[in-house]
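For reference, the structures are reproduced in the following blocks.
Okay, so subunit A shows up in both of these, paired with subunit B first and subunit C after.
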Partner chain A sequence: MINNLAVYPILIPLVAAIIQLFFAKNTFVQRVLSVVSSALILIAVVFLYIDVRTNGIQVYWMSDWVAPFGITIVADLLACFMLFLSALASLAMSAYAMVDIDANREKYFHFPLFQLLLMGINGAFLTGDIFNLFVMYEVMLMASYVLLAHGSEARQLRGSLHYVMINLFASTFFLFGIGLIYGITGTLNMADIAVAVQNADPDTQGLLTAVSMMLFVVFGVKTALVPLFFWMPDAYPQPPVATAAMFAAIMTKVGVYSITRTFTLMFPGDEFTLTVIKIVAVASMLIGVLGAIAQTNFRRLLAFHSVSQVGFMVLGVGFFSPMGLAGSIYFVMHHSMIKSSLFLCSGIAERLTGNRDIKKMGGIIEKHPFYSALFLIAAFSLAGLPPFSGFFGKLILLFAGAELNEYIFLAAILVGGFLTLFSMVKIWQMAYWGKREPEFNKVKVGSFIWGIIILVGMSMVLAIFVQPVYDMVLEAAEQLLDPSQYINAVLRK
Partner chain B sequence: MIGLLAIIIGFLVGTGTYLILKKTAFKVALGLVLYGQAANLLIITMGGVKLGEPPIILREAGISYSDPLVQALILTAIVIGFGVTSYLLVLVYRAYQAHDSDSVDLFEEVDDK
Partner chain C sequence: MISLILHRVTRVIIHILLIFSIFLLLKGHNEPGGGFIAGLMASVSIVLVYLTYDIETVKRFMPISYPAMIALGLFFATGMGLGGVVLGYPFLTQTFDYFQIPLVGEIELATALIFDIGVFLTVVGATLLIISSIGEGS
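Moving on to the complex of A and B:
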């Protein structure tokens, strides 16, 4: 089915960014446009999702060049979920950025850059062509490079220098992988690659596995899996909170999405790769959370948690069963909302106390009980306490592991969850509970929390309506495990 | 021809790896540039190197032609690589100004309050 709706999530932010550039001096128009663009994408995604549910996978051929020759835009259920998350996160972040970003950064194109970041992210979710995936990654990364260094504070420069270097290295690696795939299969269209890999000579199987592992390394750098995560705790604490929260909400998920796509569509079900994925996932879970326990810098702690939580999502892919993938998608949704709201919370705490170290905070709950309650909900949800969304995410993964008799991984999930709770309680006790530090800066907390309310509210929806949501993600997982649907839709067999 | 290209790619990757392992930010940047060139050459090689063939299939010339797609791919990759590299060089320079040092390690000293 040809469907124009599928390109809107890429076009809307691009057009918004261009219009914003015309209003370079008028930051008010830019702010409003940011919110409008996110809302429009949200609406387009809902319609797209309904279309995909009723009519199957939607395909758009750029300039009407038919599938393996031109660039294809493909929207399946997983892509719809990811687009929904990116639109939701950008809506919340635009609301927060309105009050958070200082005038200087606003004047120097914070909002257009943010829209271009969104365009790259949405493009990566939608593209059906592996070279186009590389290009969309670069669009996203270029915007993120600038956003990360935006403002040129000394510590920002350090974090972003490491970030640019490791990502440039990963991008080159991606190019190596693409070149090899093209050499072996003679095509760049993902559906076509999937067909070629199915029919491949047994002799080239080893080479194909090696290439798929190269791609895993590339995506592992972007998601910050162990042992490729060292850039992340350095980079995330530096930029303005709204930017850091957007990175945490959706940029790491782009890597998870790419891993899911690569190992369900192009290189599905290889025993060796799945073992590697599972081992890396467990290592990330445990090492990330142990790193987090050792930190006292609020945002650095949260960044280490991202490493650990990404492990849960990737473990679901490693299970390679409908339930495992469903758990992975549910976890991505939960984490994208919760982690970004925690980052936004850390921003308010920094503003209140003028400090990033949780040892030097304290007693926030006395003065701001509602905001503290929001943090507590998000923290408990991240740790996986019932009745919050994190609990159900872990529960689905536990069931998936039990179904496959993978008990070692079950133990890892439980230990990871317990340690997460430990470090969240640490933040709570040091920063929110306890004796109030002598004075707080004057901050209108009320104007900051709208973004957090949106995100935490959505995660509560995810938790309360867990059965319908689970049915939805299970449907997406089953679609992923049946690549012929995707291939037939794209190649129009 | 392909053998020669393979040797050149290997040389570029080897030199690039050596430079990336250095502590000076500028040398790391140079290493990344070499990596980018190696990747471009690899893609060209993967299209099958043919000398003197046109990139279009002429009806009378039979089916021997050089693959035009790989050239389009590396053109894109070169443009992107150029943009990112120039940004990286500016960033290295700004970091040098801000920290008065070009070492990747020294940046660790900066504490985040």
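Moving on to the complex of A and C:
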């Protein structure tokens, strides 16, 4: 009897989407199924994590074809963390979407599309085959194209056009990169590629570095790193908030995950690539946050922040030390909870004031103190104030940088954090404090905030239990820095 | 304008096309063919009906809900994969056996056929959904 746990995070959303398609008319069933599916994935991931902790990296042969010939599903500690985050975020988004999505979008299959998006994301985290990674990216992107344009508002179509074009370009590039890898190494299995790269003849070393940089460009487009981020501030403000929050929480992290996987497993520790990664990361950190300061559209501001925050995560990968990678993973966890809760907060503010511009909001705290407090916690956490989770994320990265004597990067982290605080305070002052604008729309805020409570609560858990969580992510980072574990598990040496 | 030649020819070759698509579906797995190409073939024959007549004829020809057809196709394909999981094999594991069927003789039946039928239904459903939404829009 083979252990099927590793494949459940892909299967559950697929099955949920199919059942939802059968209930095309009954949107209530669809809504409930969305929540149930996310909860089931969450449970499966917890069991999977325990399994990986006790029995080592879990490998699963799709349709019983052994690696490197078939498609392999590999669950290591990093994949478990990412799956946990995607399940948690989708649970919160489904809770929010229950009350947020309008009837027209519901009728045209919003929920099945969301489940298929989740399937693509989870597949990308689990796959051990680089071509399958491409396929899972496409599953995820197809669903996201539709979700982004869903509803056909004029501004949605404008934003999604950029998004589709840039992603098609990136996907083509991805395919070229995979083709080159296959040409050089003769295999598509990631573990097998890692072995082939280790034993590669010195003449091909230059070509391999070029290919790894090609992949970095592709993943840089998907995560919106500087200089390839320009599509993101246009795309993210357009769809319904629950969708935008899911994109910001998890879809950008798929790129970060792929960068981590590529540069720890397949092309580890190359001096040139690490330098490029660190420079790009710092540029994203600073340019993203400067872009955010200039914005007054709530969601555009948050989208620019995503560019900046992704820089922190990628910087951790660039440090290429156990502490740096641990900081990166911790930051990913912190950011996916906090950024998605900020997006959900922006959705409520839009509903209350009927406006997207923070200049035209004001005085929300008077009427809704609890919701405003949740926003404040999330905002301070994003800015990295103690005692919230963002502070510990940055602290680990600072220690990692100090350990390696990379003081320029330390300065960049501090400046980036300070500017983030500045722009968060700007939102707080304009939208939540100040004079109350004419009357607010009647909104039952109570039914919207459950998703935010889940996410902010989990980020508080991250902050309070920082030591045990740090030990867990450090274990994952050490596993990443020892690729032989992954390779031996997949190739059964 | 409806061409008389196209009109008559469509009535004849639609049968050939559909039968050939089923032939491709059954032949797949071991030889060139399979659910996807068969689905495209069947869709093309329906597109031919749409071009010759109109969208109402297509709807009379296949009076079903296309999203449900897609869902059914996905159900077959995934269900075949899940069958393996239930029996304790990895997802999508396939098997085959030989059966004696009266009049036909010994043939090979593979579980991959169920998967192919699922793909077939999904492809046909998706194509019909596309042409029906374009056809109604104009």
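We adopt the following convention: the second predicted complex is superposed on the first by the 491 of 493 C-alpha atoms of A that agree within 3 Å, B and C clash if a C-alpha of one lies under 4 Å from a C-alpha of the other, contacts with A are read in each partner's own complex, and residues count from 1 in each chain.
One rule holds in what follows: a contact is a pair of C-beta atoms (placed from the backbone, for glycine too) under 8 Å apart; a residue touches a chain by one contact, two chains touch by 3 or more.
What you see is a predicted model; the values in this text were computed from it and never measured.
Once chain A of one complex is fitted onto chain A of the other, the partner contacts of A:14 are limited to subunit C, with no touch recorded for subunit B. Legend: residue contacts after superposition of the two complexes on their common chain; A:60 is shown touching subunit C, with no touch to subunit B. Looking at the shared chain after the overlay, A:138 reaches subunit B, while subunit C stays out of its contact range.
Counting the residues of subunit A touched by each of subunit B and subunit C gives the higher count for B. When the two structures are aligned on the shared chain, A:430 is found in touch with neither subunit B nor subunit C. Contacts of A:24 after superposition on the shared chain: subunit C is touched, whereas subunit B is not.
Touch criterion met: A:158 reaches subunit B, while subunit C stays clear of it.
By the touch criterion defined above, A:376 lies against neither subunit B nor subunit C after alignment on the C-alpha atoms of chain A. Across the complex, subunit A meets subunit B through its residues 131, 134-135, 138, 141-142, 145-146, 149, 152, 154-155, 157-158, 160-162, 164-165, 168-169, 171-172, 175-176, 178-180, 182-183, 188, 237-238, 297, 300, 355-357. By the touch criterion stated above, subunit B contacts subunit A in their complex at residues 20, 25, 28-29, 32, 35-36, 38-40, 42-43, 45-47, 69-70, 73, 76-77, 80, 83-85, 87-88, 91-92, 94-95, 98-99, 104, 107-108, 110, 112-113. For subunit C in complex with subunit A, the residues that touch the partner chain are 65, 67-68, 70-71, 74-75, 78, 81-82, 84-85, 88-94. Across the complex, subunit C is touched by residues 1-2, 4, 7, 11, 14-15, 17-18, 21-22, 24, 60-64, 109 of subunit A.
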